[in-house]
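If you scroll down you'll find the structure; I have some questions about it.
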Amino acid sequence: MSAGQVALVATLAVPAVGASVVAALPSRADRAARLVGTVAAAVTLVVSAALYRPGDGGWFSFGPNPPAIRPWHDLDVSWASGLDLRFHLGVDGISYPLVVLTALLTLLCCGYTLWHVPDPGRGRLLTALLLAIEVGILGTFLALDLVLFFVFFEVVLLPMYAVIAVWGGPDRRHAARKFVLYTLLGSVLLLVGVFTVVSAAGTGDIVALTAANPLSRGTQLAAFTLLALGLAVKAPLWPLHTWLPDAHTEAPTVGSVILAGVLLKMGTYGLIRVAVGVAPEGARWAAPVVGSLAVAAIIVGSLVCLAQRELKRLIAYSSVGHMGFVMLGIATLTATGLQAALIGNVAHGIITGLLFFLAGAVKDRAHTGLLDDLGGLRERAPGLAGVLGFAAIASLGLPGLAGFWGEAFAVVGSLRRGGPLWSTLAAIAALGGALTAAYFLRLLRRVSHGPASPVVAAMPAGLARPELASWGPLVLLALAVGLVPALVLGMAHDPVQALTEVVNR
Amino acid sequence: MSDLQLPHINYAALAPMLILFGAACAGILIEAFVPRERRYPVQLGLSLAGVVAAGVAVITQAGTRTITAGGAIAVDGPTVFLQGAILALGLVALLFVGERSLEAGGPFVAQAALIAGSEPDRRQVVRPGATEVYPLMLFAIGGMELFVAANDLLTMFVALEVFSLPLYLMCALARRRRLLSQEAALKYFLLGSYSSGFFLFGIALIYGFAGRVDFAGIHAAALGSDRSNALLYGGLALLSIGLLFKAAAAPFHVWTPDVYQGAPTPVTGFMAACTKVAAFGALLRVLYVAFDRVSWDYRPVLGVVAILTMLVGAVFAVTQTDLKRLLAYSSIANAGYLLVGVLAMSKDGLSSSMFYLVAYGFTVLAAFGTLTLVRDADGEANHLSRWAGLGRRSPVFAAAFTFLLLAFAGIPLTSGFTSKFAVFAAALDDGQTWLVVAGVITSMVLAFPYLRVVVMMWLSEPAESTPTVSIPGVLTSTGLAIGVAATLVLGLVPAPLLDLSTKAAEFVR
Amino acid sequence: MSLSAYVPILGLFALAAAFALFSVTVAPFVGPRRYNRAKLEAYECGIEPTPQPIGGGRFPVKFYLTAMLFIVFDIEIIFLYPWAVSFDALGAFGFVEMLLFIGTVFVAYTYIWRRGGLDWD
């Protein structure tokens, strides 16, 4: 076993072991347990970051006719030979940023939980569940076998359900049930799609499937439809998004951060890696539909946000719009579009994670999230208002910050695709970008500016150190990715190029 | 008469059954001669020893592929695998049956047929120490061993009766809720006899068609017989009814919820795990060995039965409020998934079905085992509402049960996922897409009743009347540990057992 | 397949039906009618049923037990006849098998005996 393979296994094993240890500790050692969980999350971050392989070392070692997926590290062992299941993990430029982002956000959330446990307490279990979710998400990003991908995809479901249903807001049961209903439906479609591919191709190996494309046209259309529908629920793509606002609004702060920050990315990542890679012909066939829905999501999400009166709900709906840009990027099936989708994914994870942290901070202090009751935050808590302003501006896509590249490149990719349909979509999406700016500015005006409302005037002013510690890295990353998009795009360039070659073969 | 041929008998191959029946007879003699207060340890020890010895005998036959006892018994890969499975599951079931620390004198009475509530019945309810259940268990396990090994229809019928009659009786032995228990037994007996009648009539028709009752003969006759095919199809249909009844497939499932609810919980677990193995083992042999040439004709019909079974199980499970009934409907749905595997009609179908039987058996045994622990003054508290907030009171127990429910729901990393995946993959390879689609959709529906229980345990506030979780004795703890561990291990590393079932998946004809 | 093979069976059916019809219709006209209590019972066989407890229709369960025991031994005897006829051909194997068979029945018998199944009161 090479060092890379050890790191791959450790990336999953550390949080898994951490989760079991944390859950097994007695409840009187609650704080110690949370500390153990945070340490496990930190180790995971270090290990996952170590997966990076700089430069194109080994890039040419695949020979003159390289496969479309060339993982930096590759672990492929038989899991259940009778069923032809393989435990195939790998990481490359497409998955690496998301892996690190997941590990980072989980660490921040665990650290945040160390400081503040939402009602009804039992922070040790919350930490354990966060780590369990991390295992599922990391596994999804690392899996290079369809069935394994599905398995990890499913692992996330129940812990997330528990996080929402136990630590959520007043309407948590309803939101949690809706989340499970939608996600299970998506899983069923995904599973049928996986079955279709595996039985038609005789293998579930994503590398082999992407390289050879053994599926017939009919199978590809069916497989893409099923896979894309299943993943679109998670992403979520309009009109399958209705679980998202409820879940995000009701979930506790750390739950919202994980949900918006990385859980949604399982859908879009799956779409790129699995649906497009395995059934490129199906992807070409369905691209106009996906693109149109994505643009509809951008417009609908923005319009709904303009009318939103609740802070967390507004941010939740903004996710629909942002993921619309990501989906549009994927739908173009061009290198530019896919790059946009990848960087959009990462940027959205950073910024929306930050936004939910901030919304949680506001709600914890003011005990309300209604925009009507807030106002004048800038006077009372200038630090908080400043970070909120930064996050909102980053999210609306100001050039120089992370949010810009994803949105702009998605539009550019759509334009480059050419033809009346894609040009129109690009134009509408650009309009949606403007609407995004409008509602975020409205948000800032309602929350930060103006005279301080009674609830704001009554809230404590300062920022706690743990809060700064959990926001700081995200602020820095938003700046860094915005200024040097090559951080993400550089390592993704070659794999995306290879993938577009497959699609346009 | 002088040229009478004595059958050749391979005693080693028959040893598991001989050991079990011998131990059962010895058990009856113990009942007759050992004083009442000393019977329990003797009976329990004898039963466990008998099952273990039979297990050893099965293991020694691992490579045997033979037909013996004048063509009545076939000992081949599936026989050995399924016999081993029945013994392993039966052993765990025996552990639950033998538990006495939960209820003074154990959960069984001696006389099943006393009028409920009458004076003698009330006397036997308070008197500890009924041990009739152990010989009955041994007879039932022995009958199941014979059932999966039967190589002709008559032997199969005899075996069917040998394991059914003790089961009918065991259903009526519950110490608590006597009337419900007797009702369950009577229902099971009446419907069971009815289905035996179908089975027997089916044998008659098949005999009319083939002139033989052994599977190889039927197989040969199916290729070309001058008799009417109506006899063949009619006979097969009636045979299938008999077998599907035991397997609890719709529309022959109506007994299941009542019987599962009324029977003593350890017996319910035993039925859900072992009877299912036996019924499907026999069904596999009948369909794969005797009737494989007409598979094109019966597959659509059985496919419809499978879909109906999955639907009925899943949809009705949603509305249940009693945990035993919920598990009963889930067992019906699982019969449907097993049928999907059976209908794959391939080596993969055979091996995946056998794997499924083992995986499901351990999970369901552990699930019923946990049900025996949640008690109040009236015995077990099986109503769903009584389980509210149980997660607060005994998190370890609730966590184990949650895990089992997740396995039922087919969540990955449990045996429920691998086994479902195995049967669905086998069916897909064979082009039975419609069955798989139905299976996947119903498993999603079926996830909800399980999740409802999970939510009930963890998210509801404990009520005043929430029952306590008894501390299980050594036997129950061991049984639970085995069941949960098997569910976990078969979910994480299914390869060894899958390899075993694949290696075993070859019938002799 | 020729149906002619079934003609005798059909003839037999017709004959049986005709006989039944004839007896039922003719008997009331030609037979003597002397009713008494026993003949009005459901199973009109001329024998007075055993005295009934209140409510009627219930036998003590002991009768069933005796009847079941009788059937068990009855069937044992039925198996013994063909065995005895071909005893020579079956040899030692048959002897051992029959001993086992009788032994098994005996095991059940001892259980009934020890548990008081043979005590009349």
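Remarks
Order as written gives the chain letters A, B and C; numbering starts at 1 within each chain.
In the analysis below, a residue touches a chain if its C-beta (ideal position, glycine included) is under 8 Å from a C-beta of that chain, and two chains touch if they have at least 3 such contacts.
On a predicted model such as this, the values are computed, not experimentally measured, just so you know.
If chain B is disregarded, contacts among the remaining chains split them into A | C. By number of C-beta pairs in contact, chains A-B lead all other pairings. Measuring from the averaged C-alpha position of chain A to that of chain B gives a distance of 45 Å. Between chain A and chain C, the centres computed from C-alpha atoms are 78 Å apart. We define each chain's centre as the mean of its Cα atoms; on that basis chain B and chain C are separated by 35 Å.
Against chain A, in their complex, chain B makes its touches with residues 351-352, 355, 406, 411-413, 417-418, 421-422, 424-425, 428-429, 436-437, 440-441, 443-444, 447, 451, 455, 458-459, 493-495, 498-499, 501-502. Of all residues in chain A, those touching chain B in their complex are 78-85, 147, 150-152, 154-155, 157-158, 162, 165-166, 173, 180, 184-185, 187-188, 191-192, 195, 198-199.
Residues of chain C touching chain B in their complex: 85-86, 89-91, 93, 104, 107-108, 110-111, 113-115. Chain contact summary for the complex, chain B toward chain C: residues 1-2, 4, 6, 25, 28-29, 31-33.
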